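Shared between the two complexes below is subunit A, which pairs with subunit B and subunit C, respectively.
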Partner chain A sequence: MSMDVNLAFFIDLFFHIMGMWWVIVPSILLGLIVGAIPGFSAANTIIILLPLTFLMEVEVGLVFMIALYCSSRLGAGIPAILVNIPGTAGAAATPLDGYPMAKKGLGQRALSISFVSSIIGGVLTTILALVTMPLLARVGFYMHSVEMIVVMLFGISLIASVAAKDMIKGLIAGFFGLMIGSIGADHVYATPRGTMGFLELYDGVPLIPALVGLFAISEAFLVIESGSLLSKSNVQNVDNASWKETIKGVRITLKRWYHVTWTSMIGLIIGVIPGAGAAIASFVAYQQSRTFSKTPDAYGTGHYEGLIAPEAANNGVTAGTLIPLMVLGIPGGATAAIMMVVMQYQGVPTGPRLFVERPELGYGVFMAMLVTYLLMAFTILPMSRYMSRVTMVSTTYMSPIIIAFTLVGSFVPREYMFDMYLAFAFGIIGYIARKTGYHVAAILIGVILGPLLEQYMLRALKMSDGDPMVLFSSSLGNILWAALVITLILPAFLKRRRQPKTVE
Partner chain B sequence: MTEQDPSPPTSKKNIAGELILPISALTFTFYYIHTVIDSPWTAQVNAFMVGSILLTVIGIFLISRIVMLVQGSAKFHITVDRLPGVIKSRQSGFIGLTISYLLVIESIGFTLTTALFFWGSMLLLDYGRAPAVKLALAIFMALVAYGIFILGFETRLPKGAIETFLARAL
Partner chain C sequence: MNFDAMKRRQFLKTGAATAGTLLAGSLMSSPAWAAYPDRNIDVIVPTRAGGGADRLLRAVSSVWKNHLNTNFEPGFFPGASGRVGYEVYMGKYQPDAYSLIFGNMGPEVLNWAVKAPSFDINDYFYFGRVDTDPGVVFVGAESKFKSIDDIITEGKKRKLNVGTSRLAHPASIGILALGEEVGVEFNLVPLSGGKKTVAGAVTLEMDFCVLTSGSVIAAGDACRTLLVFDNKNLAGDKLSNAPTMNDYFGTKLPPMYSARAFGIHKAAADKYPDRMELLQKTFKDAMNDPAYKEAFLKSKGFWPYSNYGGVAECEEFKNAMLELGGRYRSLLTGK
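Take a look at the complex of A and B:
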C-alpha cells in the first residue's frame, strides 16, 4: 500500500487519532494509576492486558499501548512529588526538588509544573522525532561501550551535586550505592560477588526494592516523628490553595520554556540509545540543569528548574525509545519490545518497511503520542488541586498505606518474597542515612548506574585486552569526555565569576 | 539507635550517628573484596575500582572526624534516639509491626495480614482511638488491595484462607 506523506496526511492522521479519544482517555487514567504504584509499569500492565490487545484492531491496540506508556511515565512523578516515592526509577530524580515543594505546602504548584513540563517535553520530542526519525535512529549506532561509559559518568556526577552541602558524606553514600549495585554474578564468568549466599541476588540488586526502600519505607518511618507531612503553616498553604496555584505552575513552566526544551532533548537523545532509559536521562538532565543554573545552590530545596529537568527529560525518553523500533526494527526498551510482539502477531512489519507499507501506522504511533500528551493536558492538569491534598492525610493512615503498597510493589516485578525483605532492609538503610545526614538519592544513583557502568566498562576492556586507554580511543568518546570535564569544572568556574559581581 | 546530635551550634557535634553508614560501607566493601579475591579479573574490576575509591573517601572522612575529636570540636557519644518517649514507642512499634507483616504474610495470606497490619498500625499511631472504625477501614483497604493486586493485576501474592474463600465466592 502506498500513500503520499505530506502535510495533509499528517493533519488527517491527527484528527483520525483524535477520534480514538475513547481508547486514549481510559488508557491515560490506567497509566496514571500503574505509573504511580511502585513496581507496576506500562510494560507489565501491557503484558497483563496482552490478550486484550491481540483482540483489538492493530491500530487501536497500538494507540492503547502508547497512551498507557506516556501516561504511566507522567504518573510516576505524582507520588514522587507528594510523598517522596518515585513510581519508577525514571522518576527517581523528581523528588529531589518536587518533594521539598510539597513539604512547603506547594504540592499543587509542583504537580502543575511537573505535568506541564512533562506534556511540553513529550509534545516537543514527539514532533522532533517525527521530523528527524531517520537521523536520530543512527545515534544508537555511534554509541559504543566507551561512549556509554561517559554517559553513565554524566549521571554518576550527579552524586557530587547531591552531595554539594557535604561532599565527603555524599561521596560515601554514592560509592556505597555503587558497591551495592555491584552485587551479583559477574557478566563474564558468572562468579557470585557480595551476594551473602542469597540466590535471589545473583541477577544483581533489583531496582524497585531499592527504590521503595530508600525513599518510601524510610519516609514512612520518618513521618511518624512529625505526625504530618506538612507543618501547620504549610497545611494552611494547601488549604488556601485555589485554581490559581495550578495556573501559577503553568506560568512558571511556560516562562522556562527553553529549560523544558533542552532538558527534554537530553531525554530524547538518551532514549534513542538502547538500554539507557529514563533513569539515566533524568539524572543527566538534572545534573546538567544544575550545572548551567544561575542558582545551583537552591537545587534540592524546591527549585522549579530542578523539578522541570527530570520530568521533561523522562518524558522525552518515551519518543526516543520508540525510534529504533519504528525505523530499524530494534526495540529500545521493554515497552517497545512488547509493542514489537503485538505488531508481529498482527502481521505488521517493523523497521523501514513499516513506513513504506503502512505509513499510517508508522507515523500513527508518534501521532498517538502527540494526541495523548495533548489530551493529558485537559485530563490531568485539573486533577492537581485534588491530588495535592494527599499531603494533608494524617500519618496514622499514610504510613501504613505507604508500607503495605510499596512492599507489594517491590514483590510484583519478580514475585519473590525476598524482594519484600530487601525493600525493608533498604528502608532501614535509608532511615539511618537520612537521620545521620546522608542523601538517599546518592545511594540510589549508585545502585541504578553501578551495574550499567560495570557492564560497559567490562565490554570495553574485554575488547582491548584489558588496556584502559581504550576509554580514550574514539573521537565521539573523547568529545563526550571533554564535555564531562567541562560540566564538572564549569559550576566552580561560574561561581567564582559571579562572586565579584555580588560583592560589587 | 544512635543519632546525629541536633544540638545548638554552640555545643559540640556528636559524630557517633554519622559513623554508622561509613562503617557499614567499610564492612561490606571488605566482604565484597573477599568474595572476589580468587575470581578472574573481570569479576574484580568493580571491587577494586569502586572499592578503593570508597575506602579512600571513608579514610578521609574518619581522619577528619578524628581531627575534630582531638581538636575538641566534636564528641563521640552513643545515645539512644532523643525523640520523646511517646513518638519513640510508636515508631518502634510500627517498625515491629512491619517486620511482623513480612514474617506472617506467607503463612496466613496477603489480605488477612494486610487487614491486621492496617488495623494494628492505625491503632498504634492514633493512640488506640476508635478501634471499630479503624477495623472497618482496615478491612475495606485490604479488600481494595485484594481487588487491585490479586484480581486486577493477577499478582501471585501469598494466598491464605481469605483468598481461597474469595476466589470461591467470586
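Take a look at the complex of A and C:
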C-alpha cells in the first residue's frame, strides 16, 4: 500500500480515528478503572483481553489498546492523589504533592490539575512524536548504560531534596531503600543476595507490593487513628467545593503551560529509551521541577508544580515508549511489547517497513493517542468533582477498603500470596517510618531506582572489564554529569542569591 | 424370633449394607481405581502468562485434551529464570501424573548446571518436546558487521561486547564455543531478557548479540542474523540466510536450542506406569494430529520449529546442556 503522507493525510486520519469514538470511549473508561486499581495496568489488562484483541480488525485492536494505555496512565494518578495509593510505579511521585492537597480538602482541584497536565502533556508529546519520530528514535542510539547511570542519579538525588528537612533521617531512609532495592539476584552472574531463602525475592523486591505497602497500607494504619482523612475545616472545603474548583484547577495548570511542556518533554525523551520507563521519568521530572522552582521548600506540602511535573512526565512517556516500536521495531515497554505481538499476529510489520507499507497504521497509532487525550478531556474532567468525595468517607470504612484493595493489587501482577504478605510487611515498615519521622518517599525512590542504577552500572562495568573510568567515557555522558552537578549546586546557589543581603 | 431381635438383625443388615455401599463407593471414587484421567491436569509454566510459552501451551493443549479426554489447567509461576516454577512443581504438587511442568529445556537446564536447585534434578524428567528454536548471532540493521567473518576479524583486534539475555543460555554457550574454536575472546554482557537484547543490538550499544532465533525473527528488519547454532538454517531468509556454525566452521557442536517440553515427576512415572504410557502416547498422537499444525500456525508459531521429541530425545538434550553448562561453568558464574 502506498499513499502520500501530507497535511491532508493527517487531517483525514484524525477524523477517521475520531469516527472510532465507539471504541475509544469505552476503552477510556476501562483504562481509568484498571489504572486506578493498584497492581493492574494496561499491560495486564491487554494480556487478559488478548484473545479479544486478536479477533478485532487490526486497526480497531490498536486503537483499543492505545486508548486503554493512555487512560490507565492517567487513572493511576487518581488513587495516588485521593488516598495515597499510586496504582503503578509511574505514579509513585504523584502523591508527593497530590495527597497533601487532598488532605487539605483540595482533592477536586488536585484531580483537575492532574488530569489537565496529563492531557496537555499527552497531546503535546504525541504531536511532537508525530512530527519528529525518526529523530526521536535516534535517542536510543546515544543513551546507553553510562548515560542512563547519570539519568538515574538525577532521580536518586531527589532523596536529598526529600530529606532536606531532616538530612540524617532522610539519607538513612534513602539508603535503606537502596539496600532493599539490592535484594535479589545480581544482574550479571545471577547470584542471589539478601533473599533470605525466598525464591520469590530472587528477581528482586516486587515493585507493586513495596509501593502500596509503603504508601497506602501505612497510610491506612495512620488514618485509622483519626476519624477522617480530612480535618473539620478541610471537610468544609470539600463540602463547599463546586464546579469552580475544577475550573480553578484547569486555570492553574494552563497558567503553568510552560512547566507542563518541559516536564512532559522529559517524559517523552526518557520514554524513547528502550527499557527506561514512567517511574524514572516522573521522579526525574519532579527533581528537575523542584531544582528550578522559585519555591522549592513548598514541594511535598501540596505544591501545584510538584503535582504537574510527574503527571505531565508520565503521560509524555506514553508517546515515547511507542516510538522505538514503530520506528525501529523494538518495544520500549511492556505494553508496547504486547502491541507488537498483536501486530505480528495480524501480519502487520513493525519498524521502518510499517511506515512504507501501512502508513495509516503507523501514524494512526499516534493519532489514536491524540484523539484519546482529547476525548479524555471531556469524559474525565467532569468526574473530578464526584471522585474527590472519596476523601469524605469515614476512615472506619476507608482503611479496610484501602488495605483490601492494596493487598489484592499486590497479588495481581505475579499471583503470589507471598506478595500480599510482603505488602503488609512494607506497610508496617512505612508506618514505623512515618511515626518516627523518616520519609517513606525516600525509601521508595531507593527501592524503585536503586535496582535500575545497579543494572546500568554493572552493565557498563562489565563492558569495560571493570574499569570505572567508563563512567566518563562518552561525550553525552560527560555533558549529563556536568548537568547533574549544576542541578545539585544550583538550588543552594539560587537560595543564597535570593536571600536579602545583610550589611555587616 | 422376637421383635427386638428382628429389629437388631435388620439394623445390622442395613448397617452392613450401608457400610459396604459406602466402602465400595469410596474405593470406586479413589484415584487408584478410577479411569485416568478423571479430572483436569495442572500444567505449571515457569514463565509469565501471555508470553511465547503460554501461546504454545494453548496450541498443544487445545488438541491434546481431545486425545486424553481431559482439560489442562495452566498455572504461571514466573521468576528466577524459571527456578520458581520448578521449585513450586517439585515441592507442592503430588507425584500422581495429574500435574506436569511445561518448561524450556535449554536455559532452564543450564540453570541447574550453574546453581543446583533444592530438589534432585533426576527427580523429574522431560517426556514430550514440542519445539526447538536455535540460538543465533545477530547485529542491528545499522551495524558495520556484515558477516560472521567481520566479527572474527574485529574480535582478533579487540575484545568485543556480546549482548545476551542471560549468561546461562544456550546461545551464550554457542558464542563461547565459537570463540574457543576461532581463538577469539568474547565479553558476554547479560541484558536481562530478549527485548533488551534486541535493543542492545539495534541501538549499537553492543558490538553484536546472541539470542533465540524467534525473538530475532520477530524484530524483522531491525536485525541482521550472521550465524545460526543449528545443523540447518530452517528459517532461511527470515534469518538473513545466515550459515550454520557447524557448516561454516566445520565444528561438531550440538544445536544450541531453546526447547519447550513437558516434564513430570519421576515418582509419578514409577508409581503409575500406565498413566505415564497414556500421557506419552496421547501427546505423540496430538503432535501428529493435523489439528495441531492448524492450532500452532494460528498461534503464529513458526512451523519448521515444531519438533516432536520423546523421553530419549529430551534426555539426550538435557544431558548435553548439563555437560556444556559444566564445561563453561566458570565463565557463567564468574567463579
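Here, the second predicted complex is superposed on the first by the 500 of 504 C-alpha atoms of A that agree within 3 Å, B and C clash if a C-alpha of one lies under 4 Å from a C-alpha of the other, contacts with A are read in each partner's own complex, and residues count from 1 in each chain.
Basically, contacts are C-beta pairs under 8 Å (C-beta built on N, C-alpha and C of every residue); 3 or more make two chains touch, one makes a residue touch a chain.
Computed from a predicted structure; not experimentally measured.
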Inquiry  = Applying the document's definition of touch, where does A:Leu461 land relative to subunit B and subunit C: first, second, both, or neither?
reply    = first
* Answer with first, second, both or neither: which of subunit B and subunit C does A:Leu55 touch in the superposed model? => neither
Counting residues of subunit A touched by each of subunit B and subunit C, the higher count belongs to B
After lining up the shared chain so the two structures overlap, which partner does A:Gly194 touch, if you call subunit B first and subunit C second: first, second, both or neither? first
With the two complexes superposed on chain A, say which partner A:Glu415 touches: subunit B (first), subunit C (second), both, or neither. both
- Message: For A:Gly437, using the defined touch cut-off, is the partner it touches subunit B, subunit C, both, or neither? Pick first, second, both or neither.
- Response: first
* In the superposed arrangement, does A:Thr350 touch subunit B (first), subunit C (second), both or neither? -> second
Does subunit B (first) or subunit C (second) touch A:Ile168, or do both, or does neither?
first
Tell me which partner A:Leu7 touches in the superposition: subunit B (first), subunit C (second), both or neither.
-> neither
Should A:Met469 be classified as contacting the first partner (subunit B), the second (subunit C), both, or neither? neither
Contacts of subunit A common to subunit B and subunit C in the A-superposed view 187-189, 191, 415, 462
Listed in rising order, the residues of subunit A that touch subunit B in the complex are 40, 44-45, 48, 168-169, 171-173, 175-176, 178-180, 182-183, 186-189, 191-196, 217, 220-221, 224-225, 394-397, 399-401, 403-405, 407-408, 411-412, 415, 417, 420-421, 424, 429, 432-433, 435-438, 450, 454, 457-458, 461-462, 466
The answer for subunit C against subunit A in the complex is residues 49-50, 76, 78-81, 83-84, 87, 114-115, 142, 159, 161, 166-168, 187, 189-192, 195-196, 198-199, 202-205, 218-222, 300, 332-334
As the complex stands, subunit B meets subunit A at residues 1, 3-4, 17-18, 20-22, 24-25, 28-29, 31-32, 35-36, 39-43, 45-47, 49-51, 53-54, 57-58, 60-61, 64, 83, 87, 90-91, 94-95, 98-99, 101-102, 105-106, 110, 114, 117-118, 121-122, 125-126, 137, 141, 145, 149, 153-158
Subunit A residues touching subunit C in their complex are 47, 50, 140-141, 144-145, 185, 187-191, 199-200, 202-203, 274-275, 324, 328-331, 337-338, 340, 344-345, 349-353, 414-415, 455, 459, 462-463, 465
